[in-house]
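Pasting the structures in now, so scroll down.
Look for subunit A in each of the two complexes below; its partner is subunit B in the first and subunit C in the second.
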Partner chain A sequence: MINWLSSLPNFTAYGTPVYFIYLLLALLPLGIGLFFGKRFQWYEALISFIFIFLMFDGASWQQLFSLIAYVIYQTFLVMYYHHYRKTNNSSGVFYLFSFLSLIPIIVVKLSPAMVGHNSLLGFLGISYLTFRAVGTIIETRDGMVKEITPWHFIRFMLFMPTITSGPIDRYRRFSKDYQKVPERSDYLKLVEKGVFYLFLGFLYKFVIAYFFGQRFYPHFEQAAMSDGFFSWNMLGVMYTYGFYLFFDFAGYSLFAVAISYFMGVKTPMNFKQPFKSKNIKEFWNRWHISLSFWFRDYIFMRFVFMATKKRWFKNRNALSATAYMLNMLTMGFWHGITWYYILYGFLHGLALVVNDWWLRYKRKHLKKMPHNKFTECVAIFVTFNFVMFTFLLFSGYLNTYFFG
Partner chain B sequence: MKDDIINILADATGRDVSDFSDTSEDLFADGLLDSMATVSVLLALQDQFGIQVPVSEFDRSQWNSVDKMADRVKELQND
Partner chain C sequence: MTNRKRLWYIFGPVILAFVLILILFMLPLGGHYSAKTEQRAASSLSPVIFKNQKIKQQALSDKNTRYVPFFGSSELRRFDNFHPSIMAARYHNYTPFLLGQRGAQSLPQFFNITTMEGQLRDKKAVYIVSPQWFVKKGILPPAFKYYNGELADLTWLKKANPKSPYDRYVAKRLIQMIGNGGSVADDAAKIAQGKALSGWDKTVLNFRINLLQHEDALFSGFQLENNYDRFIKPQVNKLPAKYDEARLHQMAVNKAAKETDNNSFHVKNSFYTKKVKPHLKKLKGSQRNFDYNQSPEYGDLQVVLNQFKNNNTNVMFVIPPVNGRWEAYTGMDMQMYYRTVDKIKFQLRQQGFNNILDLSHDGNQPYFMEDTIHIGYAGWVKFDSATSKFIEQSQPQPHYQLSDEFLTQKWANLIPTQQNLNQFKEQELNK
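After this line comes the complex of A and B, so read on.
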């Protein structure tokens, strides 16, 4: 069986233009069904499973088993907690289930640093599935997820368009879409938008990201190695990597949103012109939105809620600073246990604290503060370059540069 | 009820009551409310109106103006 599995061809999600031809052909019956007011759930599930299977077969066959075990484990946790929550609501049990749900990702993230190799539990997209599972447990605790069946939860977890890299949807939002059929006029609008996003995605990922990632970046990467830290080439590494990261990831997210739309599911958008942000707070409302909102809703807000209720802090600003640091450091650790991811999170936390302080200062001295097109451009310039610098850290290039 | 909500908003954001006079204005889009202030508003609504609003209930699109907040509070009071 394993020989058979590893001999099969493997298709990374949205990896090549040809992939889209297969995918769209497979989705065609589904689209026709939606057009005529029918959602073929079984066909949709079948197509989803086949394409997910193709992402994890061949050389990645081990990940297929990890994925299956992971989904069974999380379904069991979510269903059991949902059953428990109908009659009880102890905080201890909630924290226990949240922790149990996080165990696989903790093992996967710690393994490289602790034992020096990747854990067998890991598979591509485990982080994104973890966000979905933990989010569902949290909303069950809050009494917001009232109805859940194993089948619906599994469909939510194994929704093909977003499985490996998001955007991160929420169970309540997803199942609302999934259990109904959009009106014909709404569905046609979705398809129209989907087609636009698909082509924008092609431009982003297969053209712009290709040039930055495959042409410009390698040139600067080589040249900067023999230069000092403060060099034009290093600046080239920084900007080319930053633009590559954006266009690659935003392109990918556009594909995921477009394909979801064709399937009649309004997966949330992940990027909204992040580089025109005037401050770092705005940036996180525009960059990798489904991730940053996940952290905002499930970590930042809940921490602030509890801390305010229990009066842990006398000073409001100290509370918000702590919450920002906690939020962004957790994000840093989630990216991976390396100095540059953690520093990336730390700097973004710090920037949010400074940004908050600056906004308070500005509001107090509103009359003396000039505000015009020029100051706005300065704000965008500063935010953009700060973000680009943190992406340089994020890229791991400096690790190779200093220690490699 | 809307006046009470406006007072709560002014308290939480440290702004003037008059900033919230347009009760249909989108509070998040205009930057009047951020996540920090939102939590204060939630807690104050709970105390004042005797309702339970879990953080994950707080879907921003349903709570983004004084009018909508008043509607949601009434709904939760009737639950």
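After this line comes the complex of A and C, so read on.
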């Protein structure tokens, strides 16, 4: 069985242009069905299963078993909590279930730092599935998820287009789309947008990200190694990596959104021209949106509500500063337990605090400060370069540079 | 708008795009490069040449111009007046096809050779093997990836034999370099475990190789640096019409004396001002702990030797020197350096690679170097004299007998004292 599994071909999601030919051909009957007002649930399940299977077979076959075990575990937790929530609502039980739901990812994220190798529980996309599962538990607590069946939940978790890297959808929103069939003219609108996003994604990922990632970045990566820290080549590493990261990830997200649209599901967008942000707060409304909104709703806001209710802080600004730091540091830890991810989170938290302070200061003391195209450009320039610097940290290049 | 019309609006451009792509990849475009492009490619030193195959294959099988591959690394970029490409343009009946730049060590050369094995069969070549390559960690992944291309990887995978210790070694090294994940690493992992690729794997390989070859044929020609017009053409006529080694040597010494007069290391002025002077204090004694004796690079060299053997390529190996004045200042342990050279030569000689131009003891000759570790001026004159004789005169058939023991950890980590080398010979090679 395992021999057979490991000898099968493996296709990473959206890895090569050819992948799209297979995927779109497989989705064609589904699209025709939606066009004529039918959703072929079983066919869809079959196609999703095959393509997810192809992501996790071959050399990554161990991940397939981890994925199956993980989904069963989370389904069990969510269903049990939903059942409990119908009659009771204790905070303790809610925290217990949230924690139980987080256990796999905690183990997976801690393993490399604690035991030096990756945990067997891990699989590509576990972080994103965790967001969906925990999000569902939180929504259930808030009474926003009224009805849920194991089948619907599994379809939500294993929605093929977004399984490995998001965008992170919410159960309530997703199930609304997924239970119904869009009107024909709405569906055609989705398809039209989907085609555009798909081709924009090709441009982002297979052209622009290719040049940044495969041509320019390796050049600077190598050249900067033999230079001092403050060098032009290091600056080259910083910008080329930053652009590579954006175009690669935004391209991937466009693919995921486009394929979702073809399947009649309006998965939320992940990027909205992040590099023209005028401050860091705006940046997080434009960069990896589904992730930052998840953190905003389920960590930042919840912390602020709780702290306000329990009167932990006298000063409102101290409260928001603490919430920002907590929010971004958690995000840093979530990326991985290494000094550079944590520092990345820390700096973004700090930047949000400083940004808030600056806006308050400006309102109070600098009322006469002009606001025009030039100051906007300065703001964009500062934000952009700060972000690029943090991406240099994020890349892990400095780890290799300093510690070999 | 009717539904039908809308569907056309949505999908018409998509269908058109696919048709255009198909036409582009079906057309027999990029069939043949001009002699001019070949000439430019031979000195462009571009990584594109390394990763792809069409141009070098065509040049090396050219009937009109005789291109001879010169494998090396950063020294190939030292285009002073006595660079082998310029000397050959003036005096010899061949043109060096330069392959390598900074950071191109044996493992990238292996994949480079993979894409041109047919062109090396029964031919001659020059291989510059620098002791500086043999650092403890061997080649670093960023340097490797800079020269690594999918076409070369796939071409190798297609013919990799899971039973051969050489291919299993390459598979392991490739995974160390490019990391796990991705289909190349997955296929390499199978080879490393001694498992053959499945029929399906090979089908996918062939399909992708086919696409990449088209891409190579269509686009590689546009990405060449024009070193020919920049360095070679303007300098050819500065050399005297008639070849006279003693006179060339004197010219080189005179020229070097003028171009290296702002420092006591005999390092080219521009290099000294830019790279050395700002860090001069810090660099004193900086090479005291350099050690080239133990390195995975020895195994990497071995897989390249195996390719030369398989293709019956007659190769001259050149071991370049380091700048004696500079090494004295930076405190390099020269005994360690010479032991490294002994180890390399031992590995070559034991397996029948006897054409070795060992320049390692010439680092103190006046004006032999262009800068700290790169040969130039008088050094190039001597280099050219030896390599041109090797290439232009007929040579006896090489007889290579390879020993897999040179792939082992034991060899990579052997401290090459004379005693240890003898012992290795007794225990491992003669058993």
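Operating definition for what follows: the second predicted complex is superposed on the first by the 402 of 404 C-alpha atoms of A that agree within 3 Å, B and C clash if a C-alpha of one lies under 4 Å from a C-alpha of the other, contacts with A are read in each partner's own complex, and residues count from 1 in each chain.
Definition applied: a residue touches a chain if its C-beta (ideal position, glycine included) is under 8 Å from a C-beta of that chain, and two chains touch if they have at least 3 such contacts.
These figures come from a predicted structure and were not determined experimentally.
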Touched partner set for A:Lys281, first subunit B, second subunit C, both or neither: first
Partner chain(s) touched by A:Arg184 [first = subunit B, second = subunit C, both, neither]: second
Partner chain in contact with A:His219 - subunit B first, subunit C second, else both or neither: second
Which of subunit B and subunit C A:Pro150 touches, first, second, both or neither: neither
Partner chain(s) touched by A:Gly37 [first = subunit B, second = subunit C, both, neither]: neither
Which superposed partner A:Pro29 touches (first subunit B, second subunit C, both, neither): neither
Which of subunit B and subunit C A:Asn10 touches, first, second, both or neither: second
Partner chain in contact with A:Val195 - subunit B first, subunit C second, else both or neither: second
Overlapping contact positions on subunit A, where the subunit C interface meets the subunit B interface: none
Subunit B - residues contacting subunit A, complex: 34-36, 38-40, 42-43, 54-58
Complex contacts: residues of subunit A adjacent to subunit C: 7-10, 12, 15, 18, 58-59, 184, 188, 191-192, 195, 199, 218-219, 221-222, 225, 228, 400, 404
Subunit B-facing residues of subunit A, complex: 138-139, 142-144, 281, 296-298, 300-302, 304-305, 308-309, 316, 319-320, 323
Residues of subunit C touching subunit A in the complex: 3, 6-7, 9-11, 13-14, 17, 102-103, 137, 140, 142-143, 145-146, 180-183, 185-186, 189, 198, 200-201, 204, 207, 279
